[in-house]
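Below, subunit A partners subunit B and then partners subunit C, in two separate complexes.
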Partner chain A sequence: MALVDKHPEMVRYISELEWFKFLREQTVALIEIPEMQLQVKTLDSLLSMYGRIIDAVENNKPFLASYYCLAPELYTAMDLPYYMVMQTPFLASSVPYLLKDIDAAEEMGLGNDLCTAIRLSIYYVEANLSPLPTCALNLLYPCDGAPLLHEVIKRNQRWRNIPMFAPDPPYYMDERSLNYFAGELRNMVKFIEKHTHRKLDLDKLKETIECSNQMFRLWDEYNQLRRNVPSPHGWGIGGPQCFSQAWVYQAGTPEGVDWFKKLVEIAELNVKAGVGPVPQEKIRLFWFDLLPFGWVFEFLPWLESEWGAVMVMDMFANFPYTMIDTSSEEKMWLGLAKRNLFDSPMVRQARGVADNFANDIRRIVKDYKIDVVIWPGHMGHKDGSATVGIMRETCRDLNVPFIHLGLDLFDKRYSTPDQIKDKISQFFRAMGLG
Partner chain B sequence: METPIKSKVFEQFNEATKTLLNPVLQDWKKQGGKIIGYFCSTVPEELITAAGLTSFRMRATGSTSTEMSDAFFSSINCSFPRHCFNLALTGEFKFLDGVVCVNSCDHVRRIYDNWKRFVPDTQFIEVMSLPRKTDPPQIAWYRDEINLLREKLEKHFGVKISDKTLWKAIKLHNETRRLQKKLYELRKKDKPPITGSETLAVMVAGTAMPKAQYNDMLRELLDELKGVEGPGDHRARLMLVGGILDDPAYVKVIEDQGGLVVTDSLCFGTRIMWVEVNENIKDPAEALARYYVAERPSCPRFYGEHDNRSNYVINMCREFKCDGIIGERLMFCDSWLVEHYMLGQDLKAAGIPMLKLDREYITGGVGQLRTRAQAFLETIGR
Partner chain C sequence: MAVFDVYIKKVAEYIEAMQASGRQVRTFDCPSGPERLLNGLPVRVGPGAGSGIVLRGDTFAELGSPEAGSCAFPLWTNNTSLVKDCRITLIGPDILESKGASLPFGQIIMAAGEKLSEKEHSVFDESQYISDQIEGYMVKSTPGRMWTRISNDAAERGFGFEALGKALMAIYKSHAPHVEAMEVVFVTSGKEDVGRLDEIAEQVKKISKDIVRETWLARGYDILECTLGWDCGSCPDKAVCDDIKTVLKVRKKKAVDTETA
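Right, the complex of A and B next:
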């Protein structure tokens, strides 16, 4: 009997897997290019995680629904595969059926002003298109959408009996918050142990964290290389792939360390040769959000070819790479709390006060010789949209041009790629860029 | 729909909903009293009262534009904070001696960031960190938040908030809740002596004047309403469910179509008074934390509580013999969109008709509201 007959909720997950296999084939065709070799490795790690989840469903093994910012090192240490309920919009929104699913979500009564990533994920859960995990770790940050999605999940008939735990996020960035959140993570592990019958071995955790420390150190090293003019890489490789390795598919694994070593190696070669993604780098831009994954290929190559505009940094590519001290259990918990609450991309900025965004702008503009800050203004990021004045002023102080676009990262019908291109071209011209 | 209320005290309440600095607050100011604005009903007002200050629930009554705040917020932000911040920029909140914000939603929490930078004359501005869950560690966290705010108020305003004064304030606020509940009890009658829009005026006024004085006025109103009967000519009894609704005129449009609003689950309604703070706990900060995080009827800001919220609405609907429910939501509000999505399913299962309405914070053209309310009443009304 096919898996989907017994587990109809796996249909979408399997079509995603097929989609990534297809993308891998396309990438293999370009294997001569070193960056493509790395892309193949990225896809392999992703396919391996898909494989593990499918195996778990087929053979009744434990697996989790969780998130990158809920200490994935713990799951690696406990040998538990995990997937994100928000996986499709975050990691697979190039899938060909995305717009159809967005429409289906709207028809379900979710309107069209709620973040598309949340709407889609609600749709997948309500329409029984999300794998049913052994237990779920629900996300209560960085925005209103995340807890709302998980409230729907908690209430859904098929998910109702799945054990769930959701660590509560404090709003500040201080010692008290850290201790509180470390307590939440400890309770989370007790919960996982209870429901998966897997024990967390502290030596294994230490080993995993040391691996992930190494990955973060290499990521930081790689980012230093992107300070070069020209930047060794643009949007095509960097933030999203590093994110997928360090936070999702290879959190704290030796394979992840190898992946980052290779990345640094490739970037170093480019730096030495003085080459970047375009023949002539004219504009160095900071894209302060997720990439527009739903229409990435229709837009980002254009920025490079039309304007020589290279995405030197994006929201998911840069954060304080704080190492976790593994000298005691207590320090490991505090370190995990800090990494996941104060460092993890998007969470570090959007969860708390607006200074967190503004300080990142200041740091990145200076460190990466940024010529323009693009504030995409994704329709779901309501807190970000409510800080647009503060960000504009921050950039004015730094004397760097700032543009707020207003788009949907996943649905290209909200503002079409052509409209966005026009807006950007007009702005670049007006600012005398490029 | 008119009720026979011809009362001076009611006029005072009504007046208070039409302005920000109402006459009672003006008097308070004249006597040297200080006022603290707060942005969400999860801010423990009792603490402000215990500091000898008056709490003022933020609203943007009278705002006609968001022209100035549009440079700081975007068109995808809820119109409530946009109007509020516009009034802050035009100096309409100069009467406030401080503002307490909370990370209640993605729109409102940014008021803190913008206010702090762009309204520099406000000397006291704080943001509280409200938990998302209602478990014991979250209560402990919020108790500490309350104590931190207590220290800050003491320091800034040069006062001492002892346990004794805090208990006194809690008792005073509980008395407010009891009196308001009495008013709601009157609405259970077949011919309620007060409409939904009038009740909302009474409730809103309660967030904009010193509680002791408000309680006296409310007692007077309750006396006046004793034995009074309303016309009873409504076509249906309705319950309103949603977030910040502070404009009685909005409710009046619905009632003018014949749907009498008899109860609610609103931020200016039952959610702030149906349950009281437990007075049998040793530590007043703990009592407040338990109340604001876990004990009172929750709003969608709290995770894991949807079933309780739905049950609350359904029970309330039955207790007040409602024929249907109107779920109102401000455009771009994620919390209430998803809540109404889930509630709609629960109400369907319970056989209770529901109408979902999106609106802007400032009630503008009412044509569409009228039409939709009429259509709803056609399907459920007598």
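Right, the complex of A and C next:
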């Protein structure tokens, strides 16, 4: 009996797996390029993550539905595979059926002013297209959309009996908040232990966090290399892959450490050789959000080829992290709390104080020699759009051009790639860039 | 403004305490004025003077890594008698004595000028992170730390703390013309010695946060709280929200009526 016959909810998950197998084949054809070797490794990590979930479903082993910002090192230490409920928009929005799924979500009655990432995730749950986990770790932050998604999940007929836990996020960035959230993570582990019968071994956690620290340290090293002119890499490799390896596919694993070592080696060679993604780097961009993954191939290569505009930094590549102190259990919890609540991408900006937007822009523009800051203005990121004034004023202080686009990172029909290209071209011309 | 004066005095007490406890303390007195400060420096200083990065393999020494410890903050005052112009104090080993080492790193920059005001505060804060302005010296782009590298090439040319101090003073004085006196303190003697600065740094950070908040408030933004979001009574859009709630109530009632009909 095929897996999907017994578990129809796995249909979409398996489609995604097949899509990534296809992408891997395409990438293997370019294996002589060092960056493509790394892309193959990234896809192998991703396929392995899919494989672990499928194995768990087939063999009735425990697995989790969770999020990158809920301390995935804990799951690695407990040998529990996890997948993100928002996996398709975050990791797989290049899939060819994305627009059909968006339409199906709307047909279901979901308003098209709701963030497409949330809308798609609701659709996948409601249409029985998300794997049914042993237990679910829900998200009450960074935006209002996240609790809404989980309100839907907990009322869904197939999900309502799945045990769920959502750590409560405090607002401020102070010691009290940190202690509180560390306590929430401890409670989360107790909950996972109860429902999966897997115990958290603190020695194993220490080992995992030390691996994770190595990965993050190498990520930091890599980011310093992107400060070079020309940047050793553009949009094609960098932030999104670093994020997905460190936070999702290989959180705290030796394989993850190897991947980052290779990334740094390749980038160092490019820096030494003065090589970048375009023959002549003309504009250095800071794209302050997720990449527009739903139409990435129609837009970002164009920026490089048409304008010599290289995405040097983006929200998910940004590195505000500190290493987690593993000298005591208490410090490990506090370190995990800080990394997940204060530092994790998007959560850092959307949950926290507006000061984070201004500070991140100031430091990144200066260190990475940024020529233009782009706030894409994703239709779902209304929280961030509320701080556009602060971002614009910060950029004025720094004397760096700032543009607020207004688009949907996943649905290319909201503002079409052509409209965005036109808007950006006019802006670049008006600012005398390129 | 005198809000940091007490901390400038605390730094002076800290230096005295370090001296009294037998730490190696060296002072360098330099000529005043950005141009005279740059005269004879072994590396170029100014925008685009270097690439801004130092590769792992080209590193002579590293300062302020997470393991070694780091602490850095700027202080400023209108009282020019509190800051000894162009004085560099080094507590602990110098860069050129530390080939291949990863040293703890404390860096305190103190500036004084009668005309200095809160407007310059962000300049003081940001100027610590020198980007590409000192050849062969990299401040890593890692928030919350002063984690730096000195290149082999810069060290070969004689780049030490005296040169770094002069370069920083020149950068600060060029960014903030109202600075009349500047002093820089470097600490490399040990993680504990750097850690002792944390207490001062914490207080300075709190004051700094308040200054930044006030500066933004003057521009019409509260960067720490959405005050309107907490208090419906003071929100100018309350009437609109009330209307929406009324409409929702009517719609829900209609839906219930239709279901029960």
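In this section, the second predicted complex is superposed on the first by the 434 of 434 C-alpha atoms of A that agree within 3 Å, B and C clash if a C-alpha of one lies under 4 Å from a C-alpha of the other, contacts with A are read in each partner's own complex, and residues count from 1 in each chain.
Operating definition for what follows: contacts are C-beta pairs under 8 Å (C-beta built on N, C-alpha and C of every residue); 3 or more make two chains touch, one makes a residue touch a chain.
Remember, it's a predicted structure, so these values are computed and weren't measured experimentally.
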Side-by-side fit of subunit B and subunit C on subunit A, or clash: clash
Subunit B versus subunit C as contact partner of A:272, first or second or both or neither: second
Which superposed partner A:140 touches (first subunit B, second subunit C, both, neither): first
Partner chain(s) touched by A:354 [first = subunit B, second = subunit C, both, neither]: both
Which superposed partner A:44 touches (first subunit B, second subunit C, both, neither): neither
Partner chain in contact with A:111 - subunit B first, subunit C second, else both or neither: first
Partner chain(s) touched by A:298 [first = subunit B, second = subunit C, both, neither]: neither
Touched partner set for A:389, first subunit B, second subunit C, both or neither: both
Contacts of A:379 with subunit B and subunit C, given as first, second, both or neither: first
From 169-177, 187-195, 241-249 or 367-375, the subunit B stretch with C-alpha clashes against subunit C: 241-249
Footprint overlap on subunit A, comparing subunit B with subunit C: 353-355, 386, 389-390, 393
List of subunit B residues in touch with subunit A within their complex: 71-78, 81, 103, 105-107, 109-114, 117-118, 127-133, 135, 137-138, 141, 144, 300-301, 303-304, 306-307, 331-332, 334-335, 337-339, 341-342, 344
Complex contact set, residues of subunit A against subunit B: 108-111, 113-115, 118, 122, 138, 140-141, 143-145, 147-152, 154-155, 166, 168-172, 176-177, 180, 183-184, 187, 353-355, 377, 379, 382-383, 385-390, 392-393, 404, 406
Residues of subunit C that touch subunit A when the two form their complex: 51-53, 55-57, 66, 122, 126, 129, 131-132, 138, 140-145, 212-213, 216, 219-226
Touching residues (chain side subunit A, partner subunit C) in the complex: 220-221, 223-225, 227-229, 268, 271-272, 319-320, 322-323, 353-355, 358-359, 362-364, 366-369, 386, 389-390, 393, 397
